[in-house]
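Please find the structures below.
Each of the next two complexes has chain A plus one more chain, namely chain B in the first and chain C in the second.
This part shows the complex of A and B:
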């Protein structure tokens, strides 16, 4: 019985890791697109700050009517546009995460269906080319958890931004950057390396 | 199966809810990958999913504390062994719905973030987590302001645990700040408190009334009290009381310790004080809150001079207390043991509305405290708490807890010598009583170490002993009998009689037998070169004596300490002033408010069941709250007549020089420890020693013994009759017939 379950599990795992690999690339590229947007968000905040610091009536620009209000409107409009773009990016990140989550839970479900026929020895059996089922499930879950955390933290950062809190807007690009955790990304890359032989051994 | 060593979790497992076991253990428990498992560790339990260790090693356990019982959120168990019996596999069906309370880090976040947003995040965070009813899900690994989710109930509720999926409905019942939540958890380990029920009830009422009936109070148009000042000597439990009440009400507590607030830079202290009030205000928004100012006298001393830095701090505190709106629903509790050094502006309604005086515990309160303290100590059933409470007059709560600790230490020391079961018996308490003295009497000037003297050690004087017992021992032992006959106990006793007739020894014996605190004072203690100092010392002495009543205050040689107004040449001497203090203290208008103890208990007329032991204690408590003054003099004619009237020193006991029978008894007592020859006839000696006082007789025996040594060159083994006779011929009595005659006439 276990003879039958293991290959099908392996097959599912292979599929998930392929999926993970492609998703990782998508995630990276989307994030790369986000960072200039964040920088421009910070710039806009800085401009707003400068606008509130200056007394337009003391400058040669005082002849323009309603200049401050107009500028402010323009800036907030631009901020809105940037945030809208960021939101689009977030939804594509969300779809990446959803796909990874679905894969991970699908594999675990497949395992659970066959759990009765698989004893511990079978699932913990490793070889030089093939990591054990336990390890691979674990890596998959770890990756899923990492993306979930990343997505939530970034979403949280964006949701907590408020137009009247300029300092938080200004620091947003910096905080966005600090959310990157290269360690965890590396771990996922490592994982993909570890399973590369397994994926090739169709 | 061997117990597993609990190790701290792997960093990469953080937030995964995994519990790492050896694969062998997992097979033995019948677990598959990711099976939910309830692990009980000391201090709580944790719900996690089983997963084999990556190195496949057995005998270790690592778990991620994602979903734990509330007690585990603050303390993480380390270095413990977990028995495999502590693992319980649980079934976790997919949940339809779950109701949670969200705990967030700051009050700002709670205020500014819409619930919808919190809901969205929490739902995302909880996805895929196995939860247990009543447990807390730790969400700290997401690094947001949302810290915990407390699972209040789950649907379907036929099992205790379940899995949250994307289809599970999450309902937020409330949002709390982490500080408030932690306070609530901490309260579960609050201390026990004995004997302060009345005070704690009134404090509780002040805290709860505005919360329970806000509309009633509004419609009445009254503002509820917002400040309480607790006054009492050190160690009576002011701080403990506040902690206890706060716990019982479920309020949050903001503590300010005086010295913590004071900073070095100008304005720093005021700033800190304002921050504290701000903290209390934000805490009050979530529920009842108490701002506790401990050691208020250091924070808010009496303002002096013009520009002392404390003045500004005091002024800041006053304005802050005035600035509390009716909407700020927090209570300010101050505690001090030196209320007189507080700024008077603080002690008015509107700031500290109420002043609660906690005096040294009375007999009943001591009993209550002792039973609370001994609750966890394995006390031998023979230990009588009432008896112990009676012997510990003047002990405050802190002293009593030291006493119990000391007694337990004695028990441990004894047990370490021989093996036996660990119980604390009465003898251990008795041992401890010797080393732990009441702190009320510490540094008191009348405190004396008393060598116990029993009545039997005084020969003769049976009539005097009986009278002394009547006036000192009986009111303490049989208060109900006194009450039945409408007797009140005497305020004072004067022993007068010729010198050397055992007046002082009699008082010692009375103090020994009555088990009450004993203070003795002489002229040397009282006199001081400064004007007014002696009077102050005497008043202080009475105050301390009242604090540890029932108390025996002994004034030896009262004629020299306190003179008479009629006979003295200078009408305004120290003696007369001391006399006026003494008269006032013994029979004055009343006590100072600060000396209040316990509640005002008035015995209802003729209690029906007097045999009831509790009522007996009540009786004792009510009847024996005064200080008994015992004075001794050999010149009763020198005393002021005001002192001798009933109500002050109302029992005047004449201690006569011993008659023949008494002399025989005294001689017997004196020769008890001497090897007396067979030919010695004490009766003959008694007849021959007319006009000898007790001290003379003792001296006679000593002289005889010395003569015996002189005659037989240090090898004397017994004292012969001739020695007594020879020493008798060498001595003359110290009393004269005329002296005795004057005493007799004066006494009649």
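This part shows the complex of A and C:
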């Protein structure tokens, strides 16, 4: 029985890692597209702040009717547009994360279904080219957890932003950047290296 | 103006394809001209923004140097002068665009007056295109002209003041004004789209 389960587990793991590899690339590129949008958001907040610091009626712009209201409207409109684009990016990140989660839980489920028939030696056995099944399951779970947390944190940050809350908008680019977690990303890259022979086998 | 504007280019070449004549011909051509002039305006505005940003930065560097006690070098002033005259050129070109817009309004008013002469005070009984009356074309043109006229005045004021402003907040407000064009509301883009849709440049 365990002889049959291991190859099918291997097959499922292979598929999951291939999926993880392509999703990691998509994730990175979508995240890179978010950076300029976050910069725009910060710039718009800076412009709104400057407008609040200036008393238009004391400047040469006083002759223009309702300039301040019009400018505020334009600024909040532009902010809305940027936030809308960021939300679209978040949907892309969400689908990347969903795909990784589905793969990870699928493999885990397959393992659990066969857990009774698998003996300890079979799942911990490893060779120079093939890591053990338990290691690979763990790496997959780690990667899934990383993307899940990343998504939640970034989503939360965006959801807390309000067009009329200047200080939150001003600090957003910095806070967004501080969510970057290069170590965790590197670990996933390492994992993919460790399983590269395994992925190519068969 | 924001938004993709160039998805349908209205070229003078397509004008010959349809067999419109008289008021309809004139009105449709005017709509195409509005489209092209507004694109031209946006390009000029973008070009001018970079110059305005340079002016603001040069001015800030100068005042920083003054505060630091180092005498400002003459080169900065020459560069500032150069950028200012560049921005003046851009504004002159925008004024030329506005003059052309004024002509469109005059032309559209002419169409309306002609039709009143032809058909009486009520104007024509059957619409020129889908549903608009001749008066509506004139009104839309007036709305657009009003917006761009006010915006040009604002840009001229910014040019006058920008190089003489030392407070960074006010500088930023000038740049924000230039960039976001507060007197051209998002509705202006919709008005143009309505004009293009009505005259058949955009398909229903």
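Following the convention adopted for this analysis, the second predicted complex is superposed on the first by the 202 of 202 C-alpha atoms of A that agree within 3 Å, B and C clash if a C-alpha of one lies under 4 Å from a C-alpha of the other, contacts with A are read in each partner's own complex, and residues count from 1 in each chain.
Basically, a contact is a pair of C-beta atoms (placed from the backbone, for glycine too) under 8 Å apart; a residue touches a chain by one contact, two chains touch by 3 or more.
Remember, it's a predicted structure, so these values are computed and weren't measured experimentally.
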{"item": "Fit or clash between chain C and chain B when superposed on chain A", "value": "fit"}
{"item": "Which partner reaches more residues of chain A (counting touched residues only), chain B or chain C", "value": "B"}
{"item": "Partner chain in contact with A:64 - chain B first, chain C second, else both or neither", "value": "second"}
{"item": "First, second, both or neither for A:153, with chain B first and chain C second", "value": "first"}
{"item": "Contacts of A:20 with chain B and chain C, given as first, second, both or neither", "value": "neither"}
{"item": "Which of chain B and chain C A:5 touches, first, second, both or neither", "value": "neither"}
{"item": "Partner chain in contact with A:138 - chain B first, chain C second, else both or neither", "value": "first"}
{"item": "Which of chain B and chain C A:169 touches, first, second, both or neither", "value": "neither"}
{"item": "Contacts of A:53 with chain B and chain C, given as first, second, both or neither", "value": "second"}
{"item": "Shortest CA-CA distance between chain B and chain C [superposed frame, angstrom]", "value": "30"}
{"item": "Residue numbers on chain A that touch chain B, as the complex places them", "value": "105, 108, 111-112, 115, 118-121, 123-124, 134-135, 137-138, 141-142, 145, 148-149, 152-153, 155-156, 159-160, 162, 187"}
{"item": "Partner chain A, residues of chain B touching it in the complex", "value": "12, 15-16, 23-24, 26-27, 32-34, 51-52, 54, 56, 112-113, 117, 121, 124-125, 127-128, 141-144"}
{"item": "For the chain C and chain A complex, residues of the former touching the latter", "value": "2, 150, 153-154, 157, 160-161, 167-170, 172-173, 175-177, 180-183, 185-186"}
{"item": "Chain A - residues contacting chain C, complex", "value": "46-47, 50-51, 53-54, 56, 59-61, 63-64, 67, 70-71, 73-75, 77-78, 81"}
